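Report on one structure; see the data block that follows.
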Amino acid sequence: MANRQPSGPKPAVADQFTGRRLIERGHSRFLEHTQNATGIDIGACYQCERCTNACPVARYMDIKPHQVIRYTQLGWREALIHSTTIWVCLSCEMCTTYCPNAVDVAGLINHLRNTAARLPIRPAEKELAQFHQIFLEELRRFGRVNELWLMATFNRRPDILKKKLKDGSLKEDLSLGFNLWRRGRLKLLPHRSRGIGEIRKLYRHRHGESD
Amino acid sequence: MKNTAHPHISGKALVVGGGIGGIQCALDLADTGFYVYLLEKSASVGGTMARLDKTFPTNDCSTCMISPKLVQVARHRNIEILTLSRLAALNGEPGNFRVQIEKQPRYVDQEKCIACGACAQKCPQKVPDPFNGGLSMRKAAYLTFPQAVPLKYAIDAQNCLYLTRGKCGLCRRICPTRAIAYDQQPETLELTVGAVVLCTGFELALTRQNGEYGYDRYRNVVSSLQYERMLSATGPYGGHVRRPSDGRTPHRVAWIQCVLSRDPSRNRPFCSAVCCMHAAKQAVLTRQHDPDSQATIYFMDVRAHGKGFDDYIERARAHYGVHYKRSMISQVYLEPDSEALIIETFDHHLNRKVEETYDLVVLSSGFKPSEAFGDLAKRLEIDTNPYGFALTDFQHPVHTSRPGVFVCGATETPKDIPETVIQAGAAAAEAAALVHPARHRDVTSETTPPERALDAEPRIGVFVCHCGSNIAGVVDIEKTVAYAKTLPHVAYADHFLFSCSNDTLQKMEALIRDKRLNRIVVAACSPRTHEPLFQSVLQKAGVNPYLFELASIRDQCS
Amino acid sequence: MDLIRASTARAARLEALSDHTYSVTKTGLVIGAGIAGMTAALALADQGFAVHLVEKEGSLGGFANNLTGTLEGNSPVALVHALAERIKTHRNVHLHLGSQLVAHRGHMGAFAGAIRTTSGEEAIQYGAVVVATGGSAYTPTEYLYGRDERVVTQVELSRRLQTDLDWARGLRQVVMIQCVGSRNEAFPFCSRVCCSAAVKNALLLKELNPGINLVVLYRDVRTFAFKELYYLKARRRGVLFFRYIPQAPPEVHRENGTLVVDFTDRSSHQDFGIQLDLLVLSAGIRPNAGSAQIADLLKLPTTEEGFFLEAHVKLRPVEMATAGIFIAGLAHSPRFIEETLTMAKSAAQQAAKILCRGQMTTSAAVAEVDEQKCTACLVCVRVCPFGAPYIGDEGVSCIPPSACMGCGICTAECPAGAITLKHSTDDQITAKIDALLENP
Amino acid sequence: MALSFYPGCSLEGMANDYARSITAVFEDLGIDLVEIDDWSCCGSTAAHSLDETMSVALPARNLAAAGEMGLDIVSPCAMCFNRLRYAQLMLKRGSFDIPWQVDTGLAVHDMTRFLAAPDMLAQIRKRVVRPLANLKTVCYYGCQMVRPPSITGHTDFENPQTLDAIMGAVGAQVKDWSYKSTCCGASIGIGRREIRDTLTNRILDKAAHTGAEAIVVSCPLCQANLDTVPRRPGAGRLPVFYFTELMRLAFRPAAEAGWFRAHLTNPLPLLNTKGLVAA
């Protein structure tokens, strides 16, 4: 999948954020804002690359974990929220666990992912973003998430359906689904929790604030 | 000329800790007219330096460097070594402290022990040898290391069958000099000293518990000090680097730097200052031992901030082909079959993880003050920093917060040998400045009888040394002595188990007088360090010290 | 057995020798009155020894006078004052300002030399010497230094920060470049203190001017031991540290008036061109110009960089190979003030080992010149590693027993065979060898 | 003894076999698991990824419900456990505007931790009637149960011991290996399947290389992943057991073979050769 992961940030970004920008726009503003929002001490990093060496998916990231820290220090917000990194990250917490400076790298990446999700931008990893959204929608519908219905809703998305038809992964899905069903591992009907009302209220409440 | 000024000031000093810092400090004080008690918690002095193989930047043999110093303190008439001892209490004021020393029993009579090693040979109880980082076994009756000072065996009470279960008692039965003394009791000494210097040194922050990089989980992950022992000729593998798991020679060796150093997440945010050079040296030695070997150092910054250190790093890189990788490691993985170790790093050019496989991984562990220092600092009410090192003052870099108590070496900050030796001198200077009115008061100086007039005819005395079994095992002593008697001018010949032991020296002295010997030949071990010892015997017997000859039969025959 | 035969054969030919003894001059000489020199002098004086303290400048303090504060917030100047006060008032210290040591001979315990002052020459006797000739700051030729007033050294910056606060508060973008004039072909040494100096000034600037953009370009950050805590603090305060490699050092140039530094960040793989209003160079430490003359006069070896070379790197770090001469401070190597204080006291203590003795005996196993055979060919003078032999007034070589280490090199080298090493005389050795060869 | 039980969504579907074995084992041990009344989803990675506040609010509803019962919570699913713990920690730290009253004093156990307590292990040993003596296993913990230690409380995150201890207690051979908590990529298994496949396959390879005959897990997502991932042609598969399945096996004189039919990688041949199920 070499074609799917540009190594290093896109050239446009590099030009857009040269040293001169570094000076005129106080780069520290984004840094401070992020530090305050997350309570993460981003400055502490000394770029030892423990996080990147620990990350199981670094190769799929256009901005490697240690660079995420550097970019944040430099105030390169745009590059970050447009990166594949924030979506590919597994939240496996290897980076955070092993950081000698106790920098919560995974927390930072998650914060950036949250930020990107709130903005009207096309996520660099569309399917990953969509999956998360669909998951939350399912949760909103029933209060619990039923794997069968989750997959169904996901695969029903026109673009995804098209792609999966093309690369044959839909067939795989179906045969796996059938296998699981034969073994009684699929629950056909979703359970709707009684408290669904208050959960939906919570959703409305959240959206009330966030837009 | 006794110094009687300032009677309230004591001309004695107490040096706590028998590592290179303490040894240097003791010598620097004793050589300037003060009497020194050198306190050591273990059975012999030498500290960490005695455990090192070679040292940077000269690659000199560490033992060879420290041994003469060890002999010096051992034979210095104004240094009294108190082993297995701890400073229990300190009262009084600068210039006149009263100190309480708790001395643990050695269970071996130091006067009688001739270090023949019989007790250790026969002792049935094996225990992991702390001197070798647990990589080899020693007996419950033991000598810390071959050049130990004092060169006296000890019995460790935790493991001795007799002391724990009242069984065995073998060593007492076979000891040729009846030196074993199970009934020795702990004693408390009360001393008066003018000044105290703390040189308690350091230990590795890496412990079996905290499991860094699979330490104590994977057999081929070792600490920097363990690897030092593995390199050493006196180490567990006799100087051939072997893997603990299978005894094979490791060809691919990796060092991981800053283990529990520069690590705020473990509340160890400081740098241990010497590990960069230490690792470079070990890598160089590894390449020397085995030219086919591959040495890789994973690091962040090379801290070669000492005189000529960068040059050494450059040689390690260019001349010895040591690989430096500026990349820190999260975790070490085990290859199950070979027990090789896998280190994963992210390769920016390939844009993917690469797995590097090593036969052995060495963890360059950070330092912490030696375990005992924590309580000592509390007892003495001296201030320490958050990491347990002694606090000093900018203008007085060897003063602790308690007047009259000084500090040197890694007790203050992690530092290398030269800086420790320098600081030891400084601590000695401060102590001396405090007690100098009492200089020469508590020391004794050599008094030698007038030399006998030399008879025209040489009357040579030959003393052949068994050196335990070291020589006797190879050379037929009886025959040698008999032969010596036939040689021209030889008036007397005899043999001793250990010529260098105190009682033998006294015998020798008496013989020289009685037999009117005027030339002495001692056939013994080589160390030139022993020549002055025997010369002093001649002097005591009234014979000119230059009428002495040493035949080094231990080196050249046995 | 052969060995024993050989030994007895030699023993029969051994002769009684008596060690040579002489009395010790209980006065020390300290060369250089910087922090190291003053401290060494006081360390001796406080132990009751008289000291000559010789300083070629007219004032005390040396290099430290340029320094403002340490990383840990201590004041070198206050230290200099404290030391100077004691030096001026201490009864055991004989201070010679504006003076130079111009002659030096003799040996451990009994040296004789001369000091030249404005008022003429003065002969002095001393038993031991502490060399503390100090160091000086490297004057950069790199990065437009001296050609653009916006380019300064760390020392200059910290001095200006003391007086010109408004200027500091006006700064917006500052870049510091490490290892200027250190760790390169011309001067391979690391100057040890520059990383801490940069961190110190960076923290100070952030203190005065929190909004400032501060970039430090480094090769390795060497804030060892507890100085690392300040490096951490600086990072937390938002100082940006970028590593550069010697093959691609930063480039500084002027673009129509504005000062620009170009460099590559090894982490983000980005090229930067930063416009700045202040460029600070971490210029390294050099030995003091005067030290060469002292090295010459005292016959002391130095490193290529011009620092004095100690007798043994590990175990005799403050001793020179020549007995009775010791070394302290920047004259030995770049070091921090605490380390200099420590080293000076240590050197003084080694000197005290000599001064505290009434008499001194030297081994009798020393080289002896047969004046009849000596042709004053100077071979011994040249080969002796300890500079012991000299051509005496009788025009033949003299080897003072107290200066001779008994190594035997001259004995072997002397073409006239005029030198014998006592206790290893030719007939003793030959006797031994013959005995070895003969068969019983 | 009683605990409030938070099964999590997977145990209703993919992992219903896990659910059954848990019920059985806890019956055997005589511990009541009181299912949290009308529990709802913890939000999993999705809530965490898209909306921090939701990732606290959603678990909070269940924490609140458990609080009303006043019983400590035990969670069999690593992900749920992590989210519950995380939410609890966040609520301890700061105030969140959420409609539920949460008692942050309540203990949240991961099920393995709970059962690996010394007294529990003693209980388990007592119950064993058929030690799984010649079954060579490796235990796989995944990430969410152990990392980050600040949330999970697993200070031995690199070499966790809970499953190892439990498997030891039921007499199985447990091999040490380095990949106990290496991520299997489940959280992006749907969106970026090829990444998930790479990571999961690697773990299966390493497990096989260690000489294990079976992998023991406690996390439904890990199990689903390891059990269903497409293998390279030629590469073998290992049965992937829930630890409770094997406990049950050891607790019973004769195992119901039907029990294991839910697995995609059929474990019966292995159990057969070990004489643990009747052919």
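We call the chains A, B, C and D, going by the order they appear; numbering starts again at 1 in every chain.
Note that contacts are C-beta pairs under 8 Å (C-beta built on N, C-alpha and C of every residue); 3 or more make two chains touch, one makes a residue touch a chain.
For clarity, every value in this text was computed on a predicted model and none was experimentally measured.
Q: Ignoring chain B and leaving every other chain in place, which groups of chains are still linked through touching?
A: Without chain B in the graph, we get one piece.
Q: What are the two chains with the top count of C-beta contact pairs?
A: Highest contact count among chain pairs: B-C.
Q: Find the geometric centre of each of chain A and chain C from their Cα atoms only, then give the gap between the two centres in Å, rounded to an integer.
A: 58
Q: Nearest whole angstrom, what separates the Cα centre of chain A from the Cα centre of chain B?
A: Distance between chain centres: 57 Å.
Q: Which whole number of Å gives the spacing of the CA centres of chain C and chain D?
A: Chain centroid spacing, chain C to chain D, equals 65 Å.
Q: How many angstrom lie between the CA centroids of chain B and chain C, rounded to a whole number?
A: Here the centre of chain C sits 29 Å away from the centre of chain B.
Q: So which stretches of chain A touch two or more other chains?
A: 44, 46, 94, 101 - these are the residues of chain A that touch more than one other chain.
Q: Multi-chain contacts in chain C: which residues touch at least two other chains?
A: 221, 232, 269
Q: Using the touch rule from the top of the page, what residues of chain B touch 2 or more other chains?
A: Each of 262, 264, 331, 348 in chain B touches at least two other chains.
Q: Just spell out which pairs of chains touch, all of them.
A: A-B, A-C, A-D, B-C, B-D
Q: Quick one: in the complex, what on chain A touches chain B?
A: 2, 5, 7, 44, 46, 48-55, 58-59, 64, 94, 98-102
Q: Please give the residue numbers of chain D that touch chain B in the complex, ascending.
A: 156, 158-159, 175-179, 209-211
Q: Mind pulling up the chain A residues that touch chain D in the complex?
A: Answer in residue numbers: 1, 56-57, 60, 87-88, 90-94, 96-97, 104, 106, 110-111, 113-114, 117, 125, 127-133, 135-136, 139, 143-148, 151, 154, 169, 172, 176, 179-180, 183-187, 191, 193-195, 198-199, 201-203, 206, 210.
Q: Which of the residues in chain A come into contact with chain C in the complex?
A: Touch residues, chain A against chain C: 8-9, 14, 17-20, 22-23, 26-28, 31, 41, 43-47, 66-67, 70-71, 73-74, 101.
Q: Can you name the residues of chain C that touch chain A in the complex?
A: Contact set of chain C toward chain A: 172-173, 211, 213, 221, 231-232, 235-241, 243, 262, 265-276.
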